[in-house]
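Each of the two complexes below includes chain A, the first together with chain B, the second together with chain C.
Moving on to the complex of A and B:
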């Protein structure tokens, strides 16, 4: 029988996991790192250091700027050179702490050993504190502060923690490598999150194009269950049929639980909490090792790269993208576009000198042939956009409404439900820039919705 | 630093284009076209050539000289219209009738609305119905195909003329015969209808060839099966009910599916993207409508066959179907 997947829409994108067999390598430190204060969803962090200060690895250099915000830690030991705005990868100005790297001296109290700590702490408050103080954010793309999601409002009950190991975007292999190389840490992380949520069940969803990851995670889970320690009951691994965007929060909830989150609602409304496998790893390090989130794994890949130049790197947050690109052997000449993130939802890089952030997951090189859009022609009403939309929307209609600024009709046709996954534009044979136009319409409608007085 | 592209997501494309989809439809029509040429000979080849050439030339001329826009003939849609038009007339039809059909199909039904994607009615069927009403003699002069290659040795004038099974039945019933008597006189068999050498439009000749194209379109995911299957199902159920009531005056369901333009119409013309609904539920409503109207015309109408009219009538309902039928949205009732 075919594995489960979400029920509405989706695209069968090419796999292209070119770098799947490249083991994770640790990148050496550059001479300077630039740590952004705005690398999570929510309010930017407030810098706590000034030029001339010396910092150690893991030292707090930014504090949360609001309820939905996160701590930022120094990824290097050295001297703060400046605290000033710099351009991020899109070219927007963002406050960064510039640190001249002088060594790798960590703050006190961090366990730097590789020993697996299996015992899950009992105390919920302790777990949430460690996650918050160590700056853990969702590493699946949205970088939503992890402790907020793991601490739902008292009237909401988590029934299922869904760990997202689907890595549904083509090309990306960092989650896959982590599931192969650190499955036990990920599962301990899941057990910790589960405890924080009050002991709900946990399902780890992995797409079936990664059977090695399913096998590796299953083996690690069996070993942990056999250890006799508490906290590993009610955790299971669920292979999912490969279909994009399986890793979308709403889609994954539908695939695993068969439920649908209401329009503008939250996953917790249907009893679900979704976290990425990388977030589970960061949670493990934060809680069991008291280690702040100062590194992540990133894939360097693309069809125009020979296999020996494809890599999965463990990088320190704040390393410039250009440094990583140079270290990996330089940007290939054929690369017409460099994408940070997957090819479906990632961002095109305008400024390669931008620093990496907590959520950085790839340097993807695309050739002009791959990424050039065809010339737009008239809609032939084939309905492929509607079939592909995982929210069941009608992109062809939304585009017409948006182009005519028909706001009421846009809202009635649920433009605000769009998750911007790109399936519509991907599948349009007339190359109509569906998502580009819908995104603008959605933004306008969301402004109208937010401006209404609350009932 | 070399200049690079910066644009919003998605950064890849499924590599389907209007052109590739239309080309697939042309490929799906090739078996049926080939069969009709093999059986009906040179004259059929001439009809196909004239029809396709007039459609393509006309679209080119209209975009170039009237609309003064870039030509759209590269999308292959005019080729499909030309092919379908040729397959929808009897092989005995004079070539200039097809040229007139092309003017109506492309000039009137397609380009006056603004070209591919804008037209309300299927161009090929509009052309066909125009010809049927304007040149009834030419449009019902059915040639009964002989054995393979027979037609190639002779001129078309020598071909045996005869009525279609649907026409024979209609006339027979009108003259007071029962179906058993009509069948006994003419000796139809289902097997014969499948690879058929019964009279009809050129493209209706071989149901098997049309089904082959259907499978190709489904495998290549060019069309969804909803419209075609709901036409078949609704015709089957509708005919089944009447057949059970009175088998001596109402033809049976299988006979109805295998005769006339059902296969050609339900697979290649009712599924035309532009003139069919966008949602799956809408496709079913549309298909059921075509099936019922077809059977109403066949059983009770003046014409022996009705699928062309049925598709045109349902084309007109597509905007209202689109208004009320939508795919299920996530997180909404």
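Moving on to the complex of A and C:
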């Protein structure tokens, strides 16, 4: 029997997990790091340091700028050179703290050992506090502050914690490598999140193109269950069919629980909380080791790179992307476009000097052939985009409405539900830039919806 | 056979007449009284339905004029003072003359001044480009060059200059409706008073980066040095966020700032070309003011 998946739409994208056998390597520190204050969804953090201050690794250098916001910690020890705007990878200015790196001295109270701490803390408030104070955000891509998601409104009850290990984007292998190399930590992290949510069941969804990850996670789970400690009951591993965008929040809920989140609703409305496996790892480190989120894993890959130049790196946030590219052997000549994130939803990098952020997941080199857009021709109503849309929308119609700025009709046709996965664009034989135009329409409609007085 | 045709004609005629009477009576009974001034005002309007006045069209503007009874908030930028005078006479009030506005493109990042740093091959739309990233030049504030303003203009007053890659405003055709300013995702188009005989001085830059950064991205960028503000006797120039802005209400068109600007970011347009020797700038500009 085929494994479970979401019920409508989706693309069968090429797999291209080229760097899956490259073990995670730790990057050495560069001479300078630039820590962005805007590494998470929501309000940017407020810097707490000024030029001339000395900082240690793990020291708080930015405090949350609102309810949906997160702490930012120093990824390096050294001296603060400046607090000034710098250009991010899209070329827009964001406030960054520049730190000249001197040694690697951590703040007190952080457990830097590798020993696995299995016992899950009892106190829910303690768990949430540690997650919040250590700046953990969702590392699946959206970088939504984790403590907010794990602390649902009192009238909402979490029934199922879904851990996303599907890594459905082609090329990316950082989650996969973590599931192979640190499965126990991820499962302890899941158990901690489960406790924070009041002991709901937990399902770890992994796409079936990664059987080694399923095996490694199952083995680690069995060992933890056999240890006799509390907190590991009701955790299971579910292989899912390989189909993009399996790792989309709403798609994962549909695949695992068979439920659908209604338009503009939140996963918690159907009793689900979705977190990425990397977030589980960060949660483990934050709660069990009191270690702030200052590093993540990033894949350096691309068809134009020979296998020995493909890497999975553990990087500290704030390292410039150009430093990582240089360390990995330089940008290949054939590369026409460098993408941060996967090829489907990732962003093209306009400025390689931009610093890495908590959510950075790849440096993907695409060749000219892979990136050039075909010449746009007229829509022939073939319906491929409608078949591909995992949200059940009609992209060809939305494009027509968006081009004519028909806001009422756009809203009636649920443009606000678009998850911007890119399946429509991928499927279109006429090379119509569907998503680019829908995104504009979605932005306008969301602005209208938000400006309405609340009932 | 003939009888059938005659009967058909008679029945339809009678039926038609009877229903016409019913329709007439119903129309009389449910007639909506409408102020005749709305129609009158609408007739005086340009009829472009451009939305420059802030209403959905000329009819909506006319309705608003009649409803308000005054013209404090209502102004048709396309028809200008002429039209407003007619509208005021319909309403039986005095129209207050307003200075005519014109669209001004505040970016001088031409291909020569502002080199490309990457290659954009996405949708040819400024709005789409702006959602993706800061643009294909080093300046995140300047013109994106895809011509959203050109397609937004209902009067054909805008065109893209293929040499500079920047939009050009035909000031005779521009009505100051503001459609281009709304269409521009970078907000580089500003509506400014046309000025006496079209003479105006403005900062043709929106770059708020620090001087060195701005200069690196574009050789014609405002670097926020403040020299213009110092030289201005009218205190019309304010430098905020590394960017100078000239208040058109205070500017006396002396052009001192134009000569002072180290990057040439301040533009003076439509000034008479001075033939003999343009050296004593202050002297000449005084004349300009007197002429204007």
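Here, the second predicted complex is superposed on the first by the 455 of 455 C-alpha atoms of A that agree within 3 Å, B and C clash if a C-alpha of one lies under 4 Å from a C-alpha of the other, contacts with A are read in each partner's own complex, and residues count from 1 in each chain.
The rule is short, and it goes like this: contacts are C-beta pairs under 8 Å (C-beta built on N, C-alpha and C of every residue); 3 or more make two chains touch, one makes a residue touch a chain.
Everything quoted here is computed from the prediction, not taken from an experiment.
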item	value
Which of chain B and chain C A:190 touches, first, second, both or neither	neither
Contacts of A:262 with chain B and chain C, given as first, second, both or neither	first
Chain B versus chain C as contact partner of A:440, first or second or both or neither	second
Which of chain B and chain C A:430 touches, first, second, both or neither	first
Which of chain B and chain C A:254 touches, first, second, both or neither	first
Touching partner for A:373 - first (chain B), second (chain C), both, neither	both
Which partner, chain B or chain C, touches more chain A residues	B
Touching partner for A:344 - first (chain B), second (chain C), both, neither	first
Chain B versus chain C as contact partner of A:335, first or second or both or neither	first
Intersection of chain A interface sets (partners chain B, chain C)	347-348, 350, 371-373, 436, 439
For the chain A and chain C complex, residues of the former touching the latter	85, 87, 90-93, 347-348, 350, 371-373, 433, 436-437, 439-440, 443
Contact footprint of chain B on chain A as seen in their complex	8, 11, 13-14, 170, 250, 254, 260-263, 265, 333, 335-339, 343-350, 352, 364, 366, 368, 370-374, 377-384, 386-387, 390-394, 396, 414, 417, 420-423, 425-427, 429-431, 435-436, 439
Of chain C, residues touching chain A in the complex	117-118, 121-123, 125, 127-128, 131-136, 138, 140, 209
Chain B - residues contacting chain A, complex	1-2, 4-14, 16-18, 20-21, 72, 75, 77, 114-118, 224, 273-274, 276, 278-279, 326-332
